[in-house]
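Look for chain A in each of the two complexes below; its partner is chain B in the first and chain C in the second.
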Partner chain A sequence: MFTITKNAKTLSMALMVVGLIALIFGFYTDAHAAWPSLLFNTYFYLGISVFAVFFIAMQYVSEAAWSIVIKRIPEAIMSFLPVTGIIMLIILISAAMHFGGNHIYHWMEVGIMTEGTENYDEIIAGKEAFLNTTFFLARSVIYILGWIYFSRKLKKLSLDEDKHGGLSYYKSGIKTSAWFMVFFAVTSAIASWDWIMSIDAHWFSTLFGWYVFAEWAAIGFATILLITLYLKRLGHLENVNESHIHDLGKWVFAFSLVWTYMWFSQFMLIWYANIPEEVTYFNARLQDYNIDGDIIPNNYKFLFWFSMIINFIFPIILLMSRDAKRHNSRLILVCIIVLIGHWINAYLLVAPGTLGPHGHIGFTEIGMGLGYFGLFLYIVFNALTKVPLEVKNHPFLEESKQLHT
Partner chain B sequence: MSKNTIYGIFDCEEVLLSSVKEIRENKIKIIEVYSPFPVHGLDKALGLKETRMAITAFIYGCIGISLASLMIYNIMIIDWAQNIGGKPNFSFYHNMPSFIPVMFECTVLFAAHLMSITYLVRNGLYPGGTSDSPDDRTTDDKFLMVIDVDGDTKLVKDLLLKTGASEINEKDA
Partner chain C sequence: MQKEAEIRDPLILGNKTYHDITKDISRPLEGKANKYWWILFSLSFVLFIWGVCSMAYTIGTGIGSWGLNKTVNWAWDITNFVWWIGIGHAGTLISAVLLLFRQKWRMSINRSAEAMTIFGVAQAALFPLIHMGRPWLAYWVFPIPNQFGSLWVNFNSPLLWDVFAISTYFSVSVVFWYIGLIPDFAMIRDRMSVKTAPMKKQLYSFLSFGWSGKAKHWQRFEEVSLVLAGLATPLVFSVHSIVSMDFATAVIPGWHTTIFPPYFVLGALFSGFAMVETLLIIVRKVVSLESYITIKHIEYMNVIILLTGSLVGTAYITELFMSWYSGVEFEQYAFLNRATGPYWWAYAIMMTCNVLTPQLYWFGFIRRSFLWTFILSIFVNIGMWFERFVIIVTSLHRDFLPSSWTMFSPSFIDIGIYLGTIGFFFVLFLLYARTFPVIAQAELKSILKSSGSEYKKKK
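After this line comes the complex of A and B, so read on.
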């Protein structure tokens, strides 16, 4: 059984305090900027926690054996899903109610879809069938409740299997996972359109769902790998050998490249075609702002290239060789780089569309990120203490222990 | 003393694997093992050096991306610069995003094809190459182990039989 070390407990508490201060500070000084900051941090951690459900489901439907000895780690990460889900719903509902200076979604402005009013926007009005507050909120509730339902069901099956054994739990797990896959394929894409892409409501990208999924997968695998290495260092998980670590390293490497592929596919086509309604998205990130003749330098330009480079160059160079994927400190370094890079990228998904030239990464953003990190550690580590760190009675457990690549 | 070559034939890869381990523990050198399919863990059991295929892949990929860059630079910048969608057409650097697909594909093409060719040549599978296998059944369902023995072959034969060989042949050299 895993017990939280004193240091980890202090660290998570301290981080939560920092997060709380950042939250209060953010809303007290500039609520208009605090909501987008909360949104992108929630998006980041929601991605990690919902990806853990996807990971479990993927192992079930592919009848994979290698991952069984680390199965409890994504199961623990799943327990962070309700927290992020509820915060996400709070953000969305307050955006719909324009509560507390929440103006994240431009298309929710009053009168934007009514012809004749000052705010009227023909393009956004044309999207009313999909982008209306009622449907939007109903959809979001369905995704989050659905994901939480599947995560709880998969976790329950795993615990029951520990208790009673037998093949029925495994078979039931495959069935549940298959349904989850179908549900997640649709909902993850639509959720990314709703929560992130609709910030820039005039713009759309048809591969946005995959782009966001690739990001979630990269940070999800990096988190699973980091927690595995941490527990291994504390002397737990004696059945996890180098090959398991190697396999997780491959996933981090692969999904960093998939993310870059998506990033570039999206960027290159828009850059090449250079159509006004498409390039606005990248103009907001790369061009200096021109507001009534005043040129305001773009804050995001550096971060835009920087995040792309550290999310791509570091994993590909540092993790290319086989030995690197078996080298723990190298893996830890790359995982931390990937997490920071994607955190910056998450910021860039939200901030330019909501804050324009006024956005910058400051105490509010970093503090909320750290606070989330503390909360994440607290909840996930608590979930890890409640159950044995290795599953029992899983049909592929023995095979997983024998893994060698 | 004459030098003899012994062929131990096995029916099953599990038996082969454990036999290889035991024979190597007895300090007997295995020259080669023929198998109809790759046996997982056999390379380690035989103590083979780690494959350098990954290094060749990296080199081939570098060749691919260099050639692709040269090719596209020559075509699109030097030889016949074209105005496509108003993109800067006299500079490689500024036009780079549109060249990346070509560079990516050439990297993959060179790495994949040259790796396959390297693999085949390294295994002697080029056109006109002959099979090294002393027994054709190794292309069907048998595994064959080659051991060179100086002098008394009885010890090795006994060991092979003990570890599960289904058949033992001998060739005088």
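After this line comes the complex of A and C, so read on.
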């Protein structure tokens, strides 16, 4: 059984304190900027947690054996889902109520869809059937409850299998996973339109849902890999060998490239066609702002290229070779880079649309990110202490243990 | 040998030994063709001849012999081109991606899937070639130095990217296919007798590059397979992404949308797997490979068809939704017109065959039935042809000016060229089935003791 080390406990507590200070500081100094910061951090950690459910479901439906010895790790990551889900709902509800200076979603402004008022925006009014707060909040509740339901169900099947054995849990796992896949394919895309794409309410991109999924997958795999290496270092997971680590490394590598592919497809097509209603999105990230003749330099330009480069160049170069994917310190380095890169990218999905020229990464943003990290460690590690770190009675367990590539 | 869980279904049926596999795979090469082969071959050959005549007529008289007009200036030509390129995709996925994923079931189907890729890409390549009007100047698609006259290519054009992407794809696919064939050609060489078939023996010994089955040979074989798989995997993405950019970089409503690259890739895999099923269900009967291409193989492919079909369906719905959500009236009209305009029937066929009927694979008894699979695979082949037709023709036929609105109807020549390529494809595939080992027997032998049904029982 795993027990949290004293250092890990202190670290998570310290990080949570930093997060709390950042939260108070952010809301006290500039609530208008604190909400977007909370949103992108929540998006980031919610992605990691819900991807863990997807990971398990993917293993079931593809009859994969290699991952069985690490199955408990995504199962523990899933336990962070309710926390991020509740925080996400708090953000959305307060945005709908304009509570605490929450103006993340421009389309929620009063009168924006009423003709004749000062705020009226014809294009946004045309989207009312989809972008209205009641439907919006109801949808979000459904996604989050649905994902939590599936995560609980999969975890319960896994624990029951440990206790009773037999093939019925495995078969039921395949069915549950298939249903989850269908539910997730639809909800993850719409959630990304709702929570993130609708910030830039005029803008639209059909690829957006898959782009966000690729990001969640990249950070999800990186997190699973880091926790696996950490547990291994503490002497747990004796059946996890180099081949398992290698396979996880391949996934981090692959999804860093898939993310880049999505990024490029979206960026290149919009850049190439150069249609005004689409290209504004990248202009807000790349061009200096011109506000009544005052030129304000764009804060996001550097981050935009920087995050793209470190999310792509580092994994492709550092993880290309076979040996690199079996080299723990190399993997740790790349995973940390990938997580930071995607965290910056998450910031870029939210900040330009909410803060315009005034956004910058400061104590509020970093502090909240660290606080989330502390909370994540605390909850996930606690979940790991409650169950054995290796599943029992899974039909593929023996095959997984003997993986050798 | 790697441990395999007991609950996995066997992938080789019957009490086979290594020698049985050798015999079963080389039988079609050593015997005479049966009646079915000749019937299929004659039919395909007739279509092929029709196609050759239509192409000759096109080159002789010009593109005016097609049904194109000033508004719909791209129709069956590019539809067929994309359809054939798409069909090729499953071969690369099976040979490269499934190799990286260590999927043992790929070994019974990869050879034929790769052959299909190569023959499919060859058909696709014919369309740009004849569309040029003067195919003898085809080398102008390459960025040749100015000494040859002039640099004609436009590096900003996705059509040029296509040239690079597809030629790379074609060459890697051929090399991949060939490397896998070397040990199998050597096996055939060793079975041929110098007395009865001296020419054949010489041919196969030339083709097998002096393979002797040494450990060193096998080690290099496995290494190069992995390297090629690593190179081919990005090609699975790049080729159809670039094909999609032929449309998506344009500002035509219905063409310009960001989801196109991954959605085209998924559509290509979807149609490719359907064609692999259509072919293999025929091949396993015609050359008696029932023990090697089992219902489990078919079921795995059906799961992939269900997955990719559903994702393609998600993309259709996303496009439809975003056209409304965008608030751009041209986008909204383009999609409304697709679904309810004069070409509604094409849209309906596309939706039915690509999104609705593959959902039947949720039922186990349909997923595990050869007959159902054969029927549904034909549905997908048809649906995916219509998908390209819908994207291309319905987006073009309503121009920005209503005075330019037209319809498209194919000419006799259009139909002849299309059916001709189907004939050509089957001619090549049937010849292949008589001269090549249609299953990668050397690789298949490596899983006999872990996945053969008799061996699994003994454990």
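Definition applied: the second predicted complex is superposed on the first by the 405 of 405 C-alpha atoms of A that agree within 3 Å, B and C clash if a C-alpha of one lies under 4 Å from a C-alpha of the other, contacts with A are read in each partner's own complex, and residues count from 1 in each chain.
Here, a contact is a pair of C-beta atoms (placed from the backbone, for glycine too) under 8 Å apart; a residue touches a chain by one contact, two chains touch by 3 or more.
Worth saying up front: this structure is predicted, and the values here are computed from it rather than measured.
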item: Simultaneous placement of chain C and chain B on chain A, clash or fit; value: clash
item: Contacts of A:His404 with chain B and chain C, given as first, second, both or neither; value: both
item: Partner chain in contact with A:Asp288 - chain B first, chain C second, else both or neither; value: neither
item: Touching partner for A:Ser321 - first (chain B), second (chain C), both, neither; value: first
item: In the superposition, chain B vs chain C on chain A residues touched; value: C
item: Which superposed partner A:Val186 touches (first chain B, second chain C, both, neither); value: second
item: Contacts of A:Tyr272 with chain B and chain C, given as first, second, both or neither; value: both
item: Residues of chain A that lie at the interface with chain B and also at the interface with chain C; value: 268, 272-273, 404
item: Partner chain B, residues of chain A touching it in the complex; value: 264, 267-268, 271-274, 320-322, 404
item: Chain A-facing residues of chain B, complex; value: 41, 54, 58, 85-87, 97-98, 100-101
item: Complex contact set, residues of chain C against chain A; value: 2-8, 100, 102, 234, 237, 241, 245, 248-251, 256-262, 303, 310-311, 314-315, 318-319, 322, 325-328
item: Residues of chain A defined as touching chain C within the complex; value: 61, 63, 65, 123, 126-127, 130, 167, 170, 182, 185-186, 189, 202, 204-210, 250, 257, 261-262, 265-266, 268-270, 272-273, 275, 277, 395-396, 398-399, 402-405
